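Below are two complexes that have subunit A in common, paired first with subunit B and then with subunit C.
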Partner chain A sequence: MEEVINELMGTIMSNQLNIPALQPVLDSVSQLPVVGLLISFILWKPVFALLICPGLSTVGILLLFFPWVERKLCGRIQWRVGPREIVPWLGGLIQLLADTLRFLFQEVIVHKDAHRPYFLQFAFLSFIAALLPLLFLNAGNVIAIETPYAIQAMLALVCLFPFFILGLGWASNSRFAYIGTVREAFMYFAYEISFIIAVIAMVVLYGTSNPLEMADKPWGLILNPIAAFTFFVGAAMATSRMPFEIAEADQEVAAGPHVEYSGIAFGLIYVMCYEKAYILCGLMTVLFLGGGSGPDIPGITPLLGNDLMGIVWFLIKTIIVLTTLFVLRTIYPRYRLDQGLNIGWGAMITLSLIALALSIVLVQGGIVL
Partner chain B sequence: MEKEEEDRNIRILRTGVLSPLKRWSAKWSLWPCHFVTSCCGVELAHAFASGFDGERLGTLNMGISRQANFILVEGTITRKMARPLRIVWEQMPDPKFVNVIGACGQRGGIFWNSYNITRPSEIVPVDFFVPGCPITPEGLLRGVRAVQDKIAGKDETTIKFKKVTLPSEGTGEESTAPSSPKKFVPTPLVKVDIARDVDWSSGSAIVSNLKSELDGLYKSITITDKNRIAIKTAPEDLVEVARKLSGNVGVDHAKSVNVIDVPHERKFILEYMVSSYSSKELMPVIITIFTDIVREAEPKFPSLTPLWESTDYSEREMHDFFGVKYEGNEGMNSKFILAPETQTPLRKDFNIAEETYVFDESVPLNPPIELTSDLKMPAPEGLFDEAEASDEFMVLVGPHHTGSGHLRWILRVKGDRIVDVTPDPGYVHRSMEKLAENRLYIQNVPLFERANISDPFCMNLGYVHAIEKALGIEVPERVKYIRTMLAELSRIGAFFYDSGIFGLFTGHSTAFMYTWAIREMILEAVVRMTGSRCTPSFIIPGGIRRDVPKDVLDMTSNFVSAINKRLKKFEDIFIYNPVFVARTRGVGVLTREEAIKCGVVGPFLRASGVDYDIRKVEPYAAYDKLDWEVTTGDAGDCLGRYMGRYEEIKQSLSILKQAVEAVKGMPRGDVINEDILGEYKEASEDIKGHLFHVYGDLVLPKGEWTSVIESARGTLLYSIISDGDSNVPYRVRIVTPCWMNLRGIIEASKGERVADFWSVYGSFGYFPPEADR
Partner chain C sequence: MKKVTVPEQSTVEKAVRHAAAIGVAVKESVYPLTATVQYPRQRKKMPDNFRGYILFDPEKCINCWECAFICPANAIRMKEAPNKKYYPTIDYGRCIFCHFCIDSCSGGALRATKIHDVAYKDMDEMLTLTEEMIEPPEIIREDKKLVEYQIDEKDLRLKKTREEDNLIVEKAPPPVEIQMVSQCIDRASCIGCHVCEHVCESGAISSSIANGVMRMKIDTDTCTGCGLCVKECSMQILTLVRK
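Right after this comes the complex of A and B.
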């Protein structure tokens, strides 16, 4: 028994997050009986990845504040202010808190035509399903499950999203939900293939699918910009962003699959879209922007240590990509379904194949690595 | 409305341990559901766009009722709209709040005695009323604040009245109650064709040509005014006359269908106003074909839709109003724009409430309105079964839908293609034509303006123009230019309105915000000139209410430059956006023939290649003295219609600039014609204080007076029938451009994809309150 505990403690202690600035504090705290154990458990990299970053806490904070950033930013672009009056001196920072609480306290209506068990299940399931890829997402060298197949595993989980949206639409049993669901299904097939090929192109280019190894290589955005572009457009399609907000088009199909949801069930679906976007942007950072790698900043890097700096760089890059993705909303109108499909099956697949060919040429030609 | 239902929402918020949190979150997260019910929606959009930015308060406009918790009832709730209001309210999750904005939502406002309006407070529990016609955005936001306060627990938003006793004057004389200024002649002589000598050189030639073509079919052909000809026929000959006109003379479209009820002579006068786009000579001429039929419960008359499809919806409208059954028209089995329970309201024996001038216990302050409790929204019978049988899918869009506006569209789709569209208008039908028959001529100026508050000056100008024609008044030169200026301002405003809505329909919210910011400037100029944002009633018979000062003119010309500058940004982000072009190019094509056939008017007709602009064809105001061009295109698709209008707006900006310069160069002087002022000559620079003296007893000469002008969205026709003795019109027929364009939308969207419907709809700039009147 003791051996097992010792071995476990050994595993935990050998893979701790190293923060030089906090080390003295951590050392003294670790002497305490329970708290010390708890802290070393949290600072154990896999657990840290799951609970803190890039895991649940980061997602939670992002969900609370990123929609605010989006609304403020869009407001500025559109010559207005955005949410403000709730706390004027913070520019309405906690607006999303009010919205979330309001959804929480509001009635959840299940209309009589809906398939009741599935209608409720899918709202909650989809929220959880959207979190699964976080198991394989790394921020710097912090990752929950380290495996050479992390990218593939993530991709497989990412491709699960649409099934839950289809489930939402099907369980709603309403005309607009039906049209929206069919649109979602069409769009899913249109972007998925090129999206996967773009990722494969990067895996081929890097020669590995372990995200921790990718961080040491040059940026994918520079090596293979075509793959980066294809991936980005694919991400916009997957998260239903403009100009591909086809399945949820408000003015056409009245929010599509979500039309019948209210209260906290809708709240979960609403944030799911942001979860999806965060995960895809995180993946984009890992694949194309060097993940958690970044230049040393004198004075800060020695204090925070490489582990934490990796996380910081990862978050900065992800948020930049995320913001770009969300600002698209203010720039483009929406494509029609057939045009979206055309782009997916035509231009996108062509581009992704070119990207794959480029990767092969780069690798075979020995230009890279 | 039960008390329990009214208090339910506040009760939910005030119970439980978490009550402070519930209240705080509900207060800062009032999401209004997108439920546009009437014209206050224009100001609502202003309140949530760049200028006022309602999102500051945490109120984010949400399209879907299930996710919203707040309804902003925008003005009039008609009988037809009452059902959707209740349905939407019931669809929303608790706790939910209702804010009624606009005067019509309280006691009906200017439409108080209309047969088609209801009071929202009898349909749903209302938390706060914001008065105004229309409300201002500030007022609206104050209403939102008031609801927030109510949620937070500060209920004292109602003024408490104190009872006082007035000292009686004790003169002993009993004062007489004021009598109604309205004069009705009990058995008026209604004549549509009264011959007049007018200065119209080609008139006699056209008439003799008509006489030879229609030999033996007509009873009389008279020239009633310049460019106006009336042909009287026997009922059985009318169709033949129409066939001859369309076949031999080149008349290719109908401008209006009208019925005049003359109960004391037991007859209906049936009118068709037709004209031609193909013959240059006939372009400005409006030919009225009319006949008398026997007045009975459901008189039958052959429809003219096989000849001129553009009469279709107007005939259905007349069927609703008068019960005339046009045989051959498909829509004669059900109501088109009225609620199912309303019967033939425009017949003279259908009475509406009259004003009372003295408080009378026996007359209730709020006349009771009978509402049906039936929440079903009737759809054409058999449509669903038929569609299901042929493997098609019905999509009901609206009236509560982010992309529907104030009417319902029943799309019948096969796969992603639209097979057929059935419109269901009338949700904003405020019965202006009936109300006008019951008001003084001058009282109708603000009434008709409310048909379209995004284009108020053109609505004004058309009506006033008809009166001036009847009275034979020429307005002062300065006024002509000021009127041109105002009309162009409102045309530009309407274009930006439609662009914003088009932007929203294609999912481009930035376009909406930019255009609304530009509109804010136009409204500012209008406010400085007239004192009101949307409903100035500034143009009156004989002139305008008061002169426009020089500094305002300077500001207006500055605004023109500012608009031009912002237009560039708008171009970059919206008009030349590749996605927007992809969405609209080649979509919803109407060829020249199709456009004429289905009666499309205005810039949308010009986009299909018809060179017809009333400002050139039959110039009014100062349009013939300014330098501008008519823009036409031949693409006829959504992009063509939009770009055509965009080019036209560039011309409008130039007209505006020229008109402003011209007014600046003129000496200040009279702004109202001296003849109409009579003994009140001192009012010639400002009508303030004399309006009722001068215009209260205005009586038009006997006959029918028709004016057409080019409003922002196309040909606007007013036809006033006066009996020559009453000081209220006997009948007013308004044909608004949107009403005519409705059929164009239907035709253009057939065969297109589902998502294209919103491109077509947006490109037509359809404004439902204008169409429904």
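Right after this comes the complex of A and C.
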């Protein structure tokens, strides 16, 4: 028994997050009986990845503030004010907190025609499905499950989202949800193939699908900008952002698959879209922007240590990509379904195949090692 | 029928336009031109000739009933006062704020204010009696800033100043005079009756005979735009236009 515990402790202690600035504090805390164990458990890299970054806490904070950032930024660009009335001196910063409270206390209405068990289950299951890819997302060198197939695993889990959205629409059993669901299904097939090919192009280019090894290579955005562009447009399609907000088109089908939801179930679906966007932008950072790699900043890097700096760089890059994705809605109007399909099956697939060919040429030509 | 088609654009042109759109978005996110006036806290600066709530001064009223006659919405009714004079009452449920009554008031008893935010509990209360029109209505002022729209070159900007706008207009700006001139709209129909020439007081209209054809001429510089010729023209081919 003791051997097992010792072995376990050895594993935990050997893979700790290294923070030079906090080391004296951590050393003194680790002498305490239970708290020390807990702290070292949390600072164990896989658990840290799950609980703090890029996992639960980061997702929570981003979900709490990113809808606000999006609304405020889009408001500025469109000459509006955005949310303001809740805590005006902070510019309505805690708007989503207020919304969440309202969602929590609102009745979840299950209408008569809905498929009750599935209607309720899919709302919560879809949130879990959107969380799963975080297991393979790395922030710097912090990752929950380190495998050489992390990118593929993430891709497979990312491709699971639309099934749950189809489930939502099917269980809702209403006409708007039905139209929205059919649109979602059409769009799913339109972007999925080119999206996957764009990722494969990067895997071919790097010669590895381990995100930790990708960080040391030059930026994918510079090596293969076509793949980056295809991935970005694919991400916009996958998250139903504005130019491709075909399935959820508010003015046409009243939020599509989510039309029948209310209360906390709707709240979960509402933030799930942002969660999806966060994961895809994280993947974009890993694939095209060098993940957690970044230049050393004198004075800060020695203090925070390489592990934490990786996380900081990862977050900065991800937030920049996220903001770019959100700002798209102020620039482009919504495409029709047929235009969306045309872009997906035509331009996107062509671009992704060109990107793949470019990767192969770069690798075969020996330009990239 | 004209069919509308998508304009032809080359890929480079499209890319330039996309880049321009993104550039505008970036510029606006850094330095936005917010057009919102946050009303109760900020108040837009209205011009002095703003058509708002109407005030009444019984001292100047000469009982001519002109306001009641001209009111196109029939909002003004005259009511007998204890001094046996008739004074106007305005039903704000009907008033369309055209301010014809103010323009027609020969004694200057009615005057405009910039007040536009008066609330009533029911329709009956909207019938404003003469004694309620003498003093401005009680409104709650929450505004801290005065907002003024300014157009510089091509963009609209908001100029915000920390001052309170006086909603009561002390002296109404004089009405803008529009210079008009008489113009013939159908020369071919002119019968050469010389009525316009005779009726014109400023001598702006002259006639000449060339090649056996009578030609009337209106001198736009001396024409005062009085409209007499327009009224008298037997063929009704004269009209007043802006100078």
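One rule holds for everything that comes next: the second predicted complex is superposed on the first by the 369 of 369 C-alpha atoms of A that agree within 3 Å, B and C clash if a C-alpha of one lies under 4 Å from a C-alpha of the other, contacts with A are read in each partner's own complex, and residues count from 1 in each chain.
Here is the rule we use: a contact is a pair of C-beta atoms (placed from the backbone, for glycine too) under 8 Å apart; a residue touches a chain by one contact, two chains touch by 3 or more.
All of these numbers come straight from a predicted model, not from anything done at the bench.
> After the alignment on subunit A, I want to confirm one thing: do subunit B and subunit C clash, or do they fit together?
The answer is clash.
> With both complexes superposed on chain A, which partner does A:Trp79 reach: first (subunit B), second (subunit C), both or neither?
both
> By residue count, which of the two partners contacts subunit A more extensively, subunit B or subunit C?
B
> After lining up the shared chain so the two structures overlap, which partner does A:Ile179 touch, if you call subunit B first and subunit C second: first, second, both or neither?
First partner only, subunit B.
> Looking at the overlay, does A:Val108 come into contact with subunit B only (first), subunit C only (second), both, or neither?
First partner only.
> Is A:Val327 touching anything from subunit B or subunit C once the two structures are fitted on A? First, second, both or neither.
second
> With both complexes overlaid on chain A, does A:Pro243 touch subunit B (first), subunit C (second), both or neither?
The answer is first: A:Pro243 touches subunit B but not subunit C.
> Out of 347-355, 383-391, 689-697 or 725-733, where does subunit B run into subunit C after the fit?
689-697
> Check subunit A for residues that touch subunit B in one structure and subunit C in the other, and list them.
Touching subunit B and subunit C on subunit A: residues 77-81, 84, 330-332.
> What does subunit A use to touch subunit C in their complex?
73, 76-81, 84, 327, 330-332
> Report the residues of subunit B in contact with subunit A in the complex, numbered from low to high.
Checking each residue of subunit B against subunit A gives 18, 21-22, 24-29, 49-50, 53, 55-58, 60, 63-64, 66-67, 69, 91-95, 393-396, 401-403, 416, 503-511, 513-514, 517, 573-574, 577, 579-580, 582-583, 753-758.
> How about subunit A: which of its residues touch subunit B in the complex?
71, 74-75, 77-86, 92, 95, 97-102, 104-109, 175-176, 179, 242-243, 245-246, 249-252, 254-255, 258-263, 266, 329-339
> If we count contacts the way the header does, which residues on subunit C are in touch with subunit A in the complex?
Going through subunit C, the ones touching subunit A are 21-22, 25, 28-29, 32-36, 38.
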